[in-house]
Amino acid sequence: MATVNDILACIHTFAPEYTKEDWDHVGLNCGHGDRHVRKILVALDPFMDVCKEAKETGADLIVTHHALIWTPGFVTDQDEQGRCTLFLIENHIACINAHTNLDCAPGGVNDILAAQLGLENITVIDPKGADAHGKPFGLLRSGTVPAQPLSAFLAHVKKQLACPGLRYVDGGKPVRMVAVGGGACAGEMDKAAAAGCDTFVTADVKYNQFWQAKELGLNLIDAGHFFTENPVCQYLARQLRSAFPDITVEISRCHTDCAKFF
Amino acid sequence: MATVNDILACIHTFAPEYTKEDWDHVGLNCGHGDRHVRKILVALDPFMDVCKEAKETGADLIVTHHALIWTPGFVTDQDEQGRCTLFLIENHIACINAHTNLDCAPGGVNDILAAQLGLENITVIDPKGADAHGKPFGLLRSGTVPAQPLSAFLAHVKKQLACPGLRYVDGGKPVRMVAVGGGACAGEMDKAAAAGCDTFVTADVKYNQFWQAKELGLNLIDAGHFFTENPVCQYLARQLRSAFPDITVEISRCHTDCAKFF
Amino acid sequence: MATVNDILACIHTFAPEYTKEDWDHVGLNCGHGDRHVRKILVALDPFMDVCKEAKETGADLIVTHHALIWTPGFVTDQDEQGRCTLFLIENHIACINAHTNLDCAPGGVNDILAAQLGLENITVIDPKGADAHGKPFGLLRSGTVPAQPLSAFLAHVKKQLACPGLRYVDGGKPVRMVAVGGGACAGEMDKAAAAGCDTFVTADVKYNQFWQAKELGLNLIDAGHFFTENPVCQYLARQLRSAFPDITVEISRCHTDCAKFF
Amino acid sequence: MATVNDILACIHTFAPEYTKEDWDHVGLNCGHGDRHVRKILVALDPFMDVCKEAKETGADLIVTHHALIWTPGFVTDQDEQGRCTLFLIENHIACINAHTNLDCAPGGVNDILAAQLGLENITVIDPKGADAHGKPFGLLRSGTVPAQPLSAFLAHVKKQLACPGLRYVDGGKPVRMVAVGGGACAGEMDKAAAAGCDTFVTADVKYNQFWQAKELGLNLIDAGHFFTENPVCQYLARQLRSAFPDITVEISRCHTDCAKFF
Amino acid sequence: MATVNDILACIHTFAPEYTKEDWDHVGLNCGHGDRHVRKILVALDPFMDVCKEAKETGADLIVTHHALIWTPGFVTDQDEQGRCTLFLIENHIACINAHTNLDCAPGGVNDILAAQLGLENITVIDPKGADAHGKPFGLLRSGTVPAQPLSAFLAHVKKQLACPGLRYVDGGKPVRMVAVGGGACAGEMDKAAAAGCDTFVTADVKYNQFWQAKELGLNLIDAGHFFTENPVCQYLARQLRSAFPDITVEISRCHTDCAKFF
Amino acid sequence: MATVNDILACIHTFAPEYTKEDWDHVGLNCGHGDRHVRKILVALDPFMDVCKEAKETGADLIVTHHALIWTPGFVTDQDEQGRCTLFLIENHIACINAHTNLDCAPGGVNDILAAQLGLENITVIDPKGADAHGKPFGLLRSGTVPAQPLSAFLAHVKKQLACPGLRYVDGGKPVRMVAVGGGACAGEMDKAAAAGCDTFVTADVKYNQFWQAKELGLNLIDAGHFFTENPVCQYLARQLRSAFPDITVEISRCHTDCAKFF
């Protein structure tokens, strides 16, 4: 039967550690690498609701995009990170994360997001290198859509990602070539513009970044951190099911964005 | 007739430099301190539209909250900051800003925001010091409202600040004691919670911060950077009109938030 | 029934956090602060043998001098720190440590060591401050012994601390005034000499430090890290038994120095 | 008609950015890159007298060696840098500088200085690399002169550079092989000596540097920052006239050294 | 008979260590503090000629302003600092220096320089503190002279300090109130101007500093590092003769500035 | 007759500077490189007893492993480093050291130690590079011994290095493959274990390092800094005698470890 370490090794075949950002830490966050796994729960974050869902559904392992331990330190009930870590360890549930390696790797977060939005002619913007198969990897993706007004594309994004709302700035151009960067990638908007994109879909956009996009003449769409990254969970589950047919792989049913629009 | 320097000195009476954060630079951003001023345009930001409005309305001086020169360097048409600076200097328009000194000073951004939201029993959270009149200063304010469900308070905020939309997380408590921090103050949410507030109104909130609030059991409301800070323009204009009755003081008519909800 | 937090609070009455060195982290290392405690195991270190002893003897809490988590990071079976942490959490055993606060506090590691060696007229060398009762605190202690040749004092130290062996340099003086610093304190030898001591008992002494002592004319005795600090366990146990008469407090029976002499 | 950007591009053909020192910033200092240029004023520094000369002679652009903006910040009349920048922008005069790129590039400041002093067999001392044509670049140049006593060479330097005075130390050797480094290059004297030079012409020499040269047995001549670098203005003017025959290029008539000898 | 340590203690009565700049190291540079002293040689610098003069005149100790060991490291004949240090130690000559403590202390380098120039109403500019006698100390001094044209004051300085030449910039004002800072103090010119001085006498002035003075309207005179500081040698000799009547104290006859004017 | 510089050059043929660690400084520590040498004293350290032995035996040069000047600064009788340096210079004795270059170079400290312990199949663990002859260099060496219990190997080490005592931890394995690192190399134990060694001989081992070895299952033996490095003195003497047959080369008779066991 496959172990936690086997599953980590599998994840590193499609999201290799060398594709991650230098500052990031990924891999086994808590638990025993040599324990056997019967059931995996996949989720964007290992928040407490997800941890409890893992216990209730009998999962031995959580595989997430964001890390369980973000600020290393003591492991106590004094903070939420500690409470989640205690809960998982006490319930014999391991946790693996694939963060910026999964963002950057071919087929990862941003390729999934591009596909979800129906982009065509998808390429990596400003690649950081090539993987073992010679495929370029890097943070952002660009691709084309049939020329359309921004309002039509906004409706398309909202529907495809099932967002409760969008925030955006109108760069004054119709939508033809779109860059995507799931999560907080607005700091990369210069690269999107330099790659010839008229539109950039990302999340966690700040006031001055909306204005910066307007100055650049770039349509900038904040579709939400959760909604731009969560599609990767389907991909993760497919990969794991395919590699480990004897293991049950489920996607979290409870996890969604906690923020709402009014 | 009053000069640019006279107006800067007046601003420093109600937003003293010593109330600013250490990393911040405030004061005369461009132009001649000894030039006479006939007309002032007040705005939250000195973006290009505001610069053009100043020229069109014959203003000699722009007074803003955010700085014109944020990343010091050469002054050229290669970037938007340079283009705005060139435009103002070529058109003999000076620019003064009062940023974190106006956030923190008694009567400033956050007292105005608290008043706009109808808070009562307003106090400074975690004061950094006291001003020359013995009044405490610091970033956040707290105050009370009649106990109400979150949904009622959300409607109240939206109406009072004239926001096109809000993003929020429900902390699971009714609204009684509210903290406010105009602009991007979510990093201060621990202080708001420690001060006994059940609700915090700020802006530019990121994904993990919404979750952090949920863990804290804090209602966190992102009402927009522009809408939480722009009320201070009325205050700035009143102060300047009162001190300089011979000078025309106008508030920008064109400046608003460039981001929209969909 | 007392909780882990109650016990931590008690420890901080006799080893206050403000007496610790700035670089050090002390307190609850793992577990739940609100869990009730029936049995405490006291030991110098929370090594795996001690963790297993805690489980076998039914302890809910380990109280140690050295920290469980020294290099914060992920909590996995890839390294010994992670294995110990997993073991404790999986077995519902919390861990509290009192490190440099217990070294420096009045009555702590170094007062215990001084007493164990029979020093008289004990004072704090180079105090860092005074505690809430006005007692000075700091790292080293000095005290007097009846004048004797070094060889006699070496035999005394070996017997009193039950060391298997000592390493020392002969500073060329009889022993009259002795400084003590449990653990690796040889870097403080200048302070011991400046305080008028002819002899310094500490541990983990390096080659160049023995020579430095010889140059200073200081008898320097390395009595072992374990043997100079372990006497504090008796003190910790007494304090805890006295404060919590309903809790069973045991001292580790298995823990000793792993290094041997040949 | 050529624009400011065209002229900058031309300057970067003979003084490429990659030849500059890492800490230096060069290029367009103020103004619009897309404005047409009819007249250029060339000068060593963009001091206020030169700025006024540009206005009086109808120049659209100043090209200098030293930067206009040396300490980036706000652009106001509170300091001389700000006053000059305001003056230029208000009078629609752009400013380009070529600093250490022009020092190091083949044909630049130091080749011009070497030629002005009549050196033969000129080579680059300690080259940093080679330019696009394969020519080595770097800070210092060395070359030979007919063997002569130091007094004769001092008279030669004074005449060739039209200096009002020289400061020097006699290294005790006749002059045969000379290193040159326009401006403040005395910190490079070890390289000049290591290259076999008996004499080094530079500027801004400090007390301890004169003594260091005496110890090295190196004739060290401080011919003045202005007088060792200003010859490059003729070169700059020639290059610009040749590339842009339709543009009037003048060299500042007012700019000279403000320091005098007594 | 007095020892080297006795003489160092005496020097620290009139040039206390606490008046030095933080970055500076002063005191016994080489030799034995417990050796008796029969003869002292006083000089501005412990260069090799001075070291040899000490040996030839039978001095046991050199007292200088500048340090012997400026760049701590190995002590070998590979560099001039090492050669001087070896020479002194081999010849049993100790070396003490008093650098920025002597610059800043009451009665030190800058009070001597002010007196040498005949300034009246001498005060400390921007004092750093007060010494044990309550006298302010700090780097610069200011004082008044009878109003005179700059040319007259230049001749006065040249005569009083016996300089071979001066370099200066004309700030456009007659001379009435003069600041002095021996050695390389041009970086302090803002303080001199802010203190109301029209003229500043210092040394090692660089190109951009002359221009900065011109912009400030300050007459800036570079009278040479040696000539502005060497007068302190007379003061040092007087102090030492007075404190140690049995010791012969001589001032170096060979030491002068190595730089010459042409 | 050979000079100090000739001898340094010879040492750098078998312990090249490029094999040293980046933080280390090696070479001529004090004295004149151009002095002739008749007699060399070789010792592990240039402590005062060794300096006096050099004088008494008429040596012109000391060659050591550890540096004379470890903390660069003034050269005075205020500290032991200064007293030794003064003594050597006053007695015209130069000092050369070869520290980490001799540790890492082929044939140096660690190859000598490996040979002294009778290791076979000696290789460099984790080489840092290759020397001019293509031989790998680096800090540690590994080699094999006939399989034996730890107790037998301990007796062997004690006899071969003539140690008065050993400290060790039993890793639970018989001894077959041994890593050696003379001096304080316990921080490299992971590399020793990763290279497949069951046993590591080094010195200056600290409490937590013994425990770390136990966790790794590595037999860790602290044989003393002096006893693991001093064998290199024979090697140094052989090399120097071979290269300079006219020079008398002696090994210090007085230098030994100052620390003793009790």
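The letters A, B, C, D, E and F name the chains in turn, as written, and every chain counts its residues from 1.
Convention: a contact is a pair of C-beta atoms (placed from the backbone, for glycine too) under 8 Å apart; a residue touches a chain by one contact, two chains touch by 3 or more.
On a predicted model such as this, the values are computed, not experimentally measured, just so you know.
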| item | value |
| --- | --- |
| Chains contacting each of subunit B and subunit E, listed by label | D |
| Fewest hops from subunit B to subunit C - one hop per pair of touching chains | 2 |
| Copies subunit B and subunit D touch via same or different residues, half shared test | same |
| Chain whose average C-alpha position is farthest from subunit C's own | D |
| Reference interface D-E: repeating pair among C-F, A-C or B-D with over half of contacts shared | C-F |
| Separation of mean Cα positions, subunit F and subunit B [Å, integer] | 66 |
| Approximate Å spacing (C-alpha centroids) for the pair subunit C, subunit E | 53 |
| Where subunit A touches two or more other chains at once, by residue number | none |
| Order of the ring members, counted from subunit D so that subunit E is second | D, E, F, C, A, B |
| Interfacial residue positions of subunit F with respect to subunit E in the complex | 25, 27-34, 69, 72-78, 85-86, 89-90, 92 |
| Residues of subunit B defined as touching subunit A within the complex | 45, 47-48, 66, 80, 154-155, 158, 165-170, 183-184, 203-208, 210-212, 214-215, 222, 224-226, 257-262 |
